[in-house]
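By letter and in written order, the chains are A, B, C, D, E and F; residue numbering begins at 1 in each of them.
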Amino acid sequence: MKISARNALKGTVKSITPGAVNAEVVIEVAPGLEVTSIITKASADNLGLVVGSEAYAVVKASNVMLAVE
Amino acid sequence: MKISARNALKGTVKSITPGAVNAEVVIEVAPGLEVTSIITKASADNLGLVVGSEAYAVVKASNVMLAVE
Amino acid sequence: MKISARNALKGTVKSITPGAVNAEVVIEVAPGLEVTSIITKASADNLGLVVGSEAYAVVKASNVMLAVE
Amino acid sequence: MKISARNALKGTVKSITPGAVNAEVVIEVAPGLEVTSIITKASADNLGLVVGSEAYAVVKASNVMLAVE
Amino acid sequence: MKISARNALKGTVKSITPGAVNAEVVIEVAPGLEVTSIITKASADNLGLVVGSEAYAVVKASNVMLAVE
Amino acid sequence: MKISARNALKGTVKSITPGAVNAEVVIEVAPGLEVTSIITKASADNLGLVVGSEAYAVVKASNVMLAVE
(Lines give C-alpha, C1' and ligand atoms only; values in the text may rest on other atoms or scores of the structure.)
Protein backbone atom coordinates (compact mmCIF):
# COMPACT_ATOMS: atom_id res chain seq x y z
CA MET A 1 0.00 0.00 0.00
CA LYS A 2 1.30 3.45 -0.96
CA ILE A 3 0.05 6.18 1.35
CA SER A 4 -0.43 9.94 0.96
CA ALA A 5 1.35 10.70 4.23
CA ARG A 6 4.42 12.65 3.16
CA ASN A 7 6.60 11.40 5.97
CA ALA A 8 7.70 7.78 6.40
CA LEU A 9 10.91 7.55 8.40
CA LYS A 10 12.48 4.09 8.46
CA GLY A 11 13.90 2.90 11.75
CA THR A 12 14.21 0.26 14.43
CA VAL A 13 11.90 -0.34 17.39
CA LYS A 14 13.73 0.60 20.61
CA SER A 15 10.94 0.09 23.16
CA ILE A 16 7.26 -0.79 23.48
CA THR A 17 5.21 0.25 26.54
CA PRO A 18 1.72 -1.24 26.48
CA GLY A 19 -1.30 0.27 28.24
CA ALA A 20 -4.89 -0.97 28.36
CA VAL A 21 -5.88 0.55 25.00
CA ASN A 22 -2.77 2.23 23.62
CA ALA A 23 0.91 1.41 23.40
CA GLU A 24 3.87 3.77 23.28
CA VAL A 25 6.47 2.70 20.73
CA VAL A 26 9.86 4.38 20.27
CA ILE A 27 11.62 4.08 16.89
CA GLU A 28 15.21 5.12 16.19
CA VAL A 29 15.15 6.68 12.71
CA ALA A 30 18.77 7.80 12.55
CA PRO A 31 21.67 7.30 14.97
CA GLY A 32 20.53 8.97 18.20
CA LEU A 33 17.33 10.31 16.60
CA GLU A 34 14.20 8.79 18.12
CA VAL A 35 10.54 9.19 17.27
CA THR A 36 7.81 8.28 19.78
CA SER A 37 4.44 6.97 18.62
CA ILE A 38 1.19 6.20 20.40
CA ILE A 39 -0.85 3.59 18.54
CA THR A 40 -3.54 1.18 19.72
CA LYS A 41 -2.22 -1.94 21.39
CA ALA A 42 -4.18 -3.92 18.81
CA SER A 43 -2.23 -2.21 16.01
CA ALA A 44 1.11 -2.88 17.67
CA ASP A 45 0.13 -6.54 17.89
CA ASN A 46 -1.17 -6.64 14.30
CA LEU A 47 2.08 -5.26 12.97
CA GLY A 48 4.04 -7.84 14.97
CA LEU A 49 6.27 -5.16 16.47
CA VAL A 50 8.98 -6.25 18.89
CA VAL A 51 12.12 -4.49 20.08
CA GLY A 52 14.59 -4.63 17.20
CA SER A 53 11.93 -4.78 14.44
CA GLU A 54 12.27 -2.56 11.41
CA ALA A 55 9.40 -0.10 11.18
CA TYR A 56 8.45 3.22 9.61
CA ALA A 57 7.24 6.23 11.56
CA VAL A 58 4.50 7.68 9.34
CA VAL A 59 3.24 11.23 9.83
CA LYS A 60 0.79 13.28 7.77
CA ALA A 61 2.36 16.63 6.82
CA SER A 62 -0.52 18.57 8.39
CA ASN A 63 0.44 17.03 11.74
CA VAL A 64 3.99 18.37 11.67
CA MET A 65 4.49 21.69 13.42
CA LEU A 66 7.64 23.76 13.17
CA ALA A 67 9.51 25.54 15.92
CA VAL A 68 12.55 27.78 16.16
CA GLU A 69 14.74 28.61 19.13
CA MET B 1 8.60 27.24 26.02
CA LYS B 2 8.85 23.51 26.76
CA ILE B 3 6.18 21.48 25.01
CA SER B 4 4.55 18.10 25.68
CA ALA B 5 5.02 16.93 22.09
CA ARG B 6 7.40 14.00 22.37
CA ASN B 7 9.03 14.57 19.02
CA ALA B 8 11.13 17.61 18.14
CA LEU B 9 13.56 16.84 15.34
CA LYS B 10 16.13 19.55 14.69
CA GLY B 11 16.93 20.34 11.08
CA THR B 12 17.40 22.85 8.30
CA VAL B 13 14.73 24.34 6.05
CA LYS B 14 15.17 22.99 2.51
CA SER B 15 12.15 24.54 0.79
CA ILE B 16 9.05 26.64 1.43
CA THR B 17 6.04 26.52 -0.91
CA PRO B 18 3.42 29.10 0.01
CA GLY B 19 -0.30 28.78 -0.80
CA ALA B 20 -3.14 31.18 0.01
CA VAL B 21 -3.64 29.93 3.57
CA ASN B 22 -1.05 27.23 4.15
CA ALA B 23 2.60 26.74 3.32
CA GLU B 24 4.49 23.51 2.76
CA VAL B 25 7.88 23.49 4.44
CA VAL B 26 10.49 20.75 4.05
CA ILE B 27 13.08 20.27 6.80
CA GLU B 28 16.16 18.03 6.56
CA VAL B 29 16.51 16.43 10.03
CA ALA B 30 19.44 14.13 9.25
CA PRO B 31 21.56 13.72 6.11
CA GLY B 32 19.10 12.71 3.39
CA LEU B 33 16.19 12.47 5.87
CA GLU B 34 13.48 15.03 5.17
CA VAL B 35 10.27 15.85 7.00
CA THR B 36 7.46 17.75 5.28
CA SER B 37 5.17 20.07 7.22
CA ILE B 38 2.04 22.00 6.36
CA ILE B 39 1.59 25.04 8.56
CA THR B 40 -0.33 28.28 8.05
CA LYS B 41 1.47 30.83 5.95
CA ALA B 42 1.09 33.24 8.86
CA SER B 43 3.02 30.83 11.10
CA ALA B 44 5.79 30.39 8.57
CA ASP B 45 6.10 34.18 8.44
CA ASN B 46 5.94 34.56 12.23
CA LEU B 47 8.76 32.07 12.70
CA GLY B 48 10.86 33.93 10.13
CA LEU B 49 11.54 30.74 8.21
CA VAL B 50 13.70 30.96 5.10
CA VAL B 51 15.61 28.30 3.19
CA GLY B 52 18.64 27.44 5.29
CA SER B 53 17.05 28.36 8.66
CA GLU B 54 17.40 26.01 11.61
CA ALA B 55 14.05 24.67 12.70
CA TYR B 56 12.49 21.81 14.63
CA ALA B 57 9.84 19.47 13.22
CA VAL B 58 7.50 18.95 16.18
CA VAL B 59 5.01 16.06 16.22
CA LYS B 60 2.68 14.88 18.96
CA ALA B 61 3.20 11.15 19.61
CA SER B 62 -0.47 10.38 18.97
CA ASN B 63 -0.01 11.67 15.41
CA VAL B 64 2.75 9.20 14.58
CA MET B 65 1.60 5.98 12.93
CA LEU B 66 3.80 2.97 12.41
CA ALA B 67 4.13 0.78 9.35
CA VAL B 68 6.05 -2.34 8.41
CA GLU B 69 6.94 -3.72 5.01
CA MET C 1 3.42 -1.40 3.50
CA LYS C 2 1.16 -2.39 6.40
CA ILE C 3 0.18 0.56 8.57
CA SER C 4 -0.94 0.91 12.18
CA ALA C 5 -3.91 3.12 11.25
CA ARG C 6 -6.93 1.07 12.24
CA ASN C 7 -9.15 2.45 9.52
CA ALA C 8 -8.61 1.87 5.81
CA LEU C 9 -11.85 2.22 3.88
CA LYS C 10 -11.63 1.12 0.26
CA GLY C 11 -13.43 3.27 -2.29
CA THR C 12 -13.46 5.14 -5.56
CA VAL C 13 -12.30 8.71 -6.19
CA LYS C 14 -15.34 10.89 -6.96
CA SER C 15 -13.69 14.31 -7.21
CA ILE C 16 -10.38 16.11 -6.82
CA THR C 17 -10.21 19.86 -6.12
CA PRO C 18 -6.64 21.17 -6.20
CA GLY C 19 -5.43 24.25 -4.34
CA ALA C 20 -1.95 25.80 -4.24
CA VAL C 21 -0.64 23.45 -1.54
CA ASN C 22 -3.46 21.06 -0.70
CA ALA C 23 -6.07 19.14 -2.64
CA GLU C 24 -9.51 18.03 -1.53
CA VAL C 25 -10.32 14.48 -2.61
CA VAL C 26 -13.70 12.80 -2.17
CA ILE C 27 -13.86 8.98 -2.01
CA GLU C 28 -17.04 6.90 -2.13
CA VAL C 29 -16.46 4.03 0.32
CA ALA C 30 -19.91 2.43 0.10
CA PRO C 31 -22.93 3.25 -2.08
CA GLY C 32 -23.85 6.84 -1.16
CA LEU C 33 -21.22 7.00 1.61
CA GLU C 34 -18.49 9.53 0.89
CA VAL C 35 -15.36 10.45 2.78
CA THR C 36 -13.57 13.76 2.15
CA SER C 37 -9.81 14.05 2.51
CA ILE C 38 -7.39 16.97 2.42
CA ILE C 39 -3.90 15.89 1.37
CA THR C 40 -1.03 17.80 -0.17
CA LYS C 41 -1.31 18.31 -3.90
CA ALA C 42 2.09 16.63 -4.21
CA SER C 43 0.68 13.50 -2.52
CA ALA C 44 -2.36 13.41 -4.77
CA ASP C 45 0.00 13.58 -7.75
CA ASN C 46 2.37 10.95 -6.30
CA LEU C 47 -0.48 8.52 -5.80
CA GLY C 48 -1.64 9.09 -9.39
CA LEU C 49 -5.19 9.78 -8.24
CA VAL C 50 -7.79 10.58 -10.87
CA VAL C 51 -11.58 10.47 -10.77
CA GLY C 52 -12.56 6.80 -10.88
CA SER C 53 -9.33 5.53 -9.24
CA GLU C 54 -9.53 2.97 -6.47
CA ALA C 55 -8.17 4.35 -3.22
CA TYR C 56 -8.32 3.82 0.52
CA ALA C 57 -9.33 6.47 3.03
CA VAL C 58 -6.93 5.87 5.93
CA VAL C 59 -7.64 7.33 9.38
CA LYS C 60 -5.80 6.85 12.67
CA ALA C 61 -8.26 5.74 15.38
CA SER C 62 -7.28 8.65 17.62
CA ASN C 63 -8.55 11.02 14.92
CA VAL C 64 -12.06 9.56 14.88
CA MET C 65 -14.56 11.33 17.14
CA LEU C 66 -17.98 9.98 17.93
CA ALA C 67 -21.28 11.82 18.05
CA VAL C 68 -24.87 10.98 18.90
CA GLU C 69 -28.07 12.77 17.98
CA MET D 1 -24.77 21.40 16.81
CA LYS D 2 -23.59 21.50 13.20
CA ILE D 3 -19.87 20.84 12.86
CA SER D 4 -17.27 21.72 10.23
CA ALA D 5 -15.89 18.17 10.11
CA ARG D 6 -16.65 16.99 6.59
CA ASN D 7 -17.10 13.37 7.55
CA ALA D 8 -19.89 12.05 9.77
CA LEU D 9 -20.58 8.38 9.10
CA LYS D 10 -23.68 7.02 10.81
CA GLY D 11 -23.44 3.58 12.31
CA THR D 12 -23.96 1.22 15.22
CA VAL D 13 -21.63 0.60 18.14
CA LYS D 14 -20.17 -2.91 17.86
CA SER D 15 -17.76 -2.91 20.82
CA ILE D 16 -16.35 -0.70 23.56
CA THR D 17 -12.99 -1.48 25.21
CA PRO D 18 -12.29 0.84 28.14
CA GLY D 19 -8.80 1.72 29.40
CA ALA D 20 -7.76 3.99 32.26
CA VAL D 21 -8.04 7.22 30.25
CA ASN D 22 -9.20 6.25 26.79
CA ALA D 23 -11.72 3.84 25.33
CA GLU D 24 -11.65 2.09 21.97
CA VAL D 25 -15.05 2.09 20.27
CA VAL D 26 -15.85 0.23 17.04
CA ILE D 27 -18.74 1.47 14.88
CA GLU D 28 -20.20 -0.39 11.89
CA VAL D 29 -20.98 2.31 9.31
CA ALA D 30 -22.13 0.05 6.48
CA PRO D 31 -22.60 -3.74 6.32
CA GLY D 32 -19.17 -5.19 7.09
CA LEU D 33 -17.52 -1.75 7.16
CA GLU D 34 -16.18 -0.85 10.58
CA VAL D 35 -14.52 2.29 11.89
CA THR D 36 -12.43 2.26 15.08
CA SER D 37 -12.25 5.30 17.34
CA ILE D 38 -10.20 6.17 20.40
CA ILE D 39 -11.94 8.73 22.59
CA THR D 40 -11.60 9.53 26.27
CA LYS D 41 -13.50 7.19 28.58
CA ALA D 42 -15.26 10.26 29.96
CA SER D 43 -16.56 11.10 26.46
CA ALA D 44 -17.79 7.55 25.88
CA ASP D 45 -19.68 7.80 29.17
CA ASN D 46 -21.02 11.29 28.42
CA LEU D 47 -22.41 10.15 25.09
CA GLY D 48 -24.10 7.16 26.79
CA LEU D 49 -22.58 4.76 24.28
CA VAL D 50 -23.39 1.05 24.67
CA VAL D 51 -23.12 -1.82 22.22
CA GLY D 52 -25.97 -1.41 19.77
CA SER D 53 -26.22 2.40 20.12
CA GLU D 54 -26.52 4.55 17.03
CA ALA D 55 -23.52 6.84 16.67
CA TYR D 56 -21.64 8.86 14.09
CA ALA D 57 -17.94 8.49 13.37
CA VAL D 58 -16.78 12.09 12.82
CA VAL D 59 -13.46 12.84 11.11
CA LYS D 60 -11.95 16.17 10.04
CA ALA D 61 -10.97 16.01 6.36
CA SER D 62 -7.37 16.98 7.15
CA ASN D 63 -7.09 13.78 9.20
CA VAL D 64 -7.98 11.50 6.30
CA MET D 65 -5.03 10.14 4.36
CA LEU D 66 -5.33 8.32 1.07
CA ALA D 67 -3.58 5.17 -0.07
CA VAL D 68 -3.45 3.09 -3.22
CA GLU D 69 -2.38 -0.51 -3.73
CA MET E 1 -25.56 16.40 17.53
CA LYS E 2 -23.54 15.77 20.70
CA ILE E 3 -19.88 15.07 20.00
CA SER E 4 -17.13 13.23 21.88
CA ALA E 5 -14.65 16.09 21.45
CA ARG E 6 -14.00 17.28 24.99
CA ASN E 7 -13.41 20.89 24.01
CA ALA E 8 -16.07 23.18 22.55
CA LEU E 9 -15.26 26.83 23.21
CA LYS E 10 -18.05 29.25 22.34
CA GLY E 11 -17.05 32.47 20.64
CA THR E 12 -17.51 35.01 17.88
CA VAL E 13 -15.98 34.94 14.39
CA LYS E 14 -13.39 37.72 14.09
CA SER E 15 -12.01 37.03 10.61
CA ILE E 16 -12.25 34.61 7.69
CA THR E 17 -9.39 34.25 5.18
CA PRO E 18 -10.34 31.98 2.28
CA GLY E 19 -7.84 30.01 0.20
CA ALA E 20 -8.48 27.66 -2.76
CA VAL E 21 -9.29 24.62 -0.58
CA ASN E 22 -9.06 25.78 3.03
CA ALA E 23 -10.10 28.84 4.99
CA GLU E 24 -8.55 30.30 8.11
CA VAL E 25 -11.14 31.38 10.65
CA VAL E 26 -10.36 33.25 13.88
CA ILE E 27 -12.80 32.97 16.81
CA GLU E 28 -12.69 35.09 19.98
CA VAL E 29 -13.61 32.68 22.81
CA ALA E 30 -13.10 35.08 25.72
CA PRO E 31 -12.18 38.79 25.80
CA GLY E 32 -8.81 39.00 24.07
CA LEU E 33 -8.52 35.21 23.74
CA GLU E 34 -8.54 34.06 20.13
CA VAL E 35 -8.49 30.61 18.59
CA THR E 36 -7.44 30.08 14.96
CA SER E 37 -8.94 27.28 12.88
CA ILE E 38 -8.21 25.90 9.43
CA ILE E 39 -11.26 24.21 7.92
CA THR E 40 -12.22 23.52 4.33
CA LYS E 41 -13.73 26.47 2.53
CA ALA E 42 -16.74 24.25 1.80
CA SER E 43 -17.27 23.76 5.55
CA ALA E 44 -17.01 27.46 6.26
CA ASP E 45 -19.67 28.04 3.61
CA ASN E 46 -21.88 25.18 4.88
CA LEU E 47 -21.84 26.58 8.39
CA GLY E 48 -22.78 30.03 7.07
CA LEU E 49 -19.92 31.64 8.94
CA VAL E 50 -19.48 35.41 8.61
CA VAL E 51 -17.60 37.91 10.75
CA GLY E 52 -19.66 38.38 13.90
CA SER E 53 -21.28 34.90 13.82
CA GLU E 54 -21.44 32.84 16.98
CA ALA E 55 -19.44 29.65 16.64
CA TYR E 56 -17.74 26.98 18.71
CA ALA E 57 -14.09 26.02 18.40
CA VAL E 58 -14.12 22.24 18.79
CA VAL E 59 -10.93 20.31 19.55
CA LYS E 60 -10.41 16.63 20.34
CA ALA E 61 -8.48 16.26 23.63
CA SER E 62 -5.79 14.15 21.94
CA ASN E 63 -4.98 17.17 19.73
CA VAL E 64 -4.24 19.47 22.65
CA MET E 65 -0.58 19.66 23.67
CA LEU E 66 0.65 21.32 26.82
CA ALA E 67 3.62 23.62 27.29
CA VAL E 68 5.30 25.37 30.18
CA GLU E 69 7.61 28.35 30.21
CA MET F 1 11.21 27.58 21.63
CA LYS F 2 8.72 29.40 19.40
CA ILE F 3 6.25 27.06 17.73
CA SER F 4 4.13 27.29 14.57
CA ALA F 5 0.96 26.17 16.37
CA ARG F 6 -1.33 29.17 16.14
CA ASN F 7 -3.06 28.52 19.43
CA ALA F 8 -1.36 28.71 22.83
CA LEU F 9 -3.87 29.42 25.59
CA LYS F 10 -2.34 30.19 28.96
CA GLY F 11 -3.99 28.67 32.00
CA THR F 12 -3.78 26.74 35.24
CA VAL F 13 -3.80 22.97 35.70
CA LYS F 14 -7.07 21.92 37.37
CA SER F 15 -6.69 18.13 37.33
CA ILE F 16 -4.42 15.33 36.14
CA THR F 17 -5.75 11.78 35.61
CA PRO F 18 -2.95 9.34 34.79
CA GLY F 19 -3.42 6.11 32.83
CA ALA F 20 -0.83 3.49 31.85
CA VAL F 21 0.42 5.38 28.79
CA ASN F 22 -1.53 8.62 28.63
CA ALA F 23 -2.70 11.22 31.11
CA GLU F 24 -5.73 13.49 30.92
CA VAL F 25 -4.95 17.04 31.99
CA VAL F 26 -7.54 19.81 32.40
CA ILE F 27 -6.41 23.45 32.10
CA GLU F 28 -8.53 26.49 32.98
CA VAL F 29 -7.70 29.09 30.31
CA ALA F 30 -10.18 31.77 31.38
CA PRO F 31 -12.60 31.93 34.33
CA GLY F 32 -14.89 28.93 33.88
CA LEU F 33 -13.35 28.01 30.51
CA GLU F 34 -11.57 24.66 30.60
CA VAL F 35 -9.56 22.80 27.98
CA THR F 36 -8.93 19.06 28.26
CA SER F 37 -5.73 17.51 26.91
CA ILE F 38 -4.52 13.95 26.49
CA ILE F 39 -0.74 13.72 26.50
CA THR F 40 1.63 10.88 27.31
CA LYS F 41 2.20 10.32 31.01
CA ALA F 42 5.91 10.72 30.30
CA SER F 43 5.27 14.22 28.90
CA ALA F 44 3.17 15.23 31.89
CA ASP F 45 6.04 14.12 34.12
CA ASN F 46 8.69 15.84 31.96
CA LEU F 47 6.83 19.14 32.12
CA GLY F 48 6.54 18.83 35.91
CA LEU F 49 2.80 19.45 35.80
CA VAL F 50 0.89 19.45 39.08
CA VAL F 51 -2.52 20.84 40.00
CA GLY F 52 -2.12 24.61 40.18
CA SER F 53 0.79 24.80 37.67
CA GLU F 54 0.75 27.41 34.94
CA ALA F 55 0.61 25.80 31.52
CA TYR F 56 -0.34 26.53 27.94
CA ALA F 57 -2.83 24.51 25.92
CA VAL F 58 -1.27 24.38 22.45
CA VAL F 59 -3.33 23.41 19.39
CA LYS F 60 -2.40 23.39 15.71
CA ALA F 61 -4.97 25.39 13.73
CA SER F 62 -5.69 22.44 11.43
CA ASN F 63 -6.91 20.52 14.50
CA VAL F 64 -9.56 23.08 15.39
CA MET F 65 -13.01 22.40 14.00
CA LEU F 66 -15.86 24.87 14.08
CA ALA F 67 -19.50 24.27 14.95
CA VAL F 68 -22.65 26.33 15.03
CA GLU F 69 -25.90 25.73 16.88
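Here is the rule we go by: contacts are C-beta pairs under 8 Å (C-beta built on N, C-alpha and C of every residue); 3 or more make two chains touch, one makes a residue touch a chain.
Source: prediction; values computed, not measured.
Steps from chain D to chain F, taking the shortest chain of touch contacts, total 1.
Ranking all chains by how far their C-alpha centres lie from the centre of chain F, first place goes to C. The geometric centre of chain C is 29 Å away from that of chain F, both derived from CA atoms.
Centroids of chain A and chain D (each the mean of its C-alpha atoms) stand 23 Å apart. Chain D has its Cα centroid 17 Å from the Cα centroid of chain C.
Along chain E, residues 1-6, 8, 19-20, 22, 24, 36-40, 42-44, 47, 56, 58, 60-63, 65-69 each make contact with two or more other chains. The complete set of chain-chain contacts reads A-B, A-C, A-D, A-F, B-C, B-E, B-F, C-D, C-E, D-E, D-F, E-F. Residues 1-6, 8, 37-40, 42-44, 46-47, 56, 58, 60-62 of chain B are the ones touching chain F in the complex. By the touch criterion given at the top, residues 17-20, 22-24, 36, 38, 62-63, 65-69 of chain E touch chain B in their complex. Those residues of chain D that touch chain F in the complex are listed here as 1-5, 19-22, 40, 42, 60, 62. The residues of chain C lying in touch with chain D in their complex are 3, 5-9, 24-25, 27, 29-30, 33, 35-39, 43-44, 47-49, 53-69.
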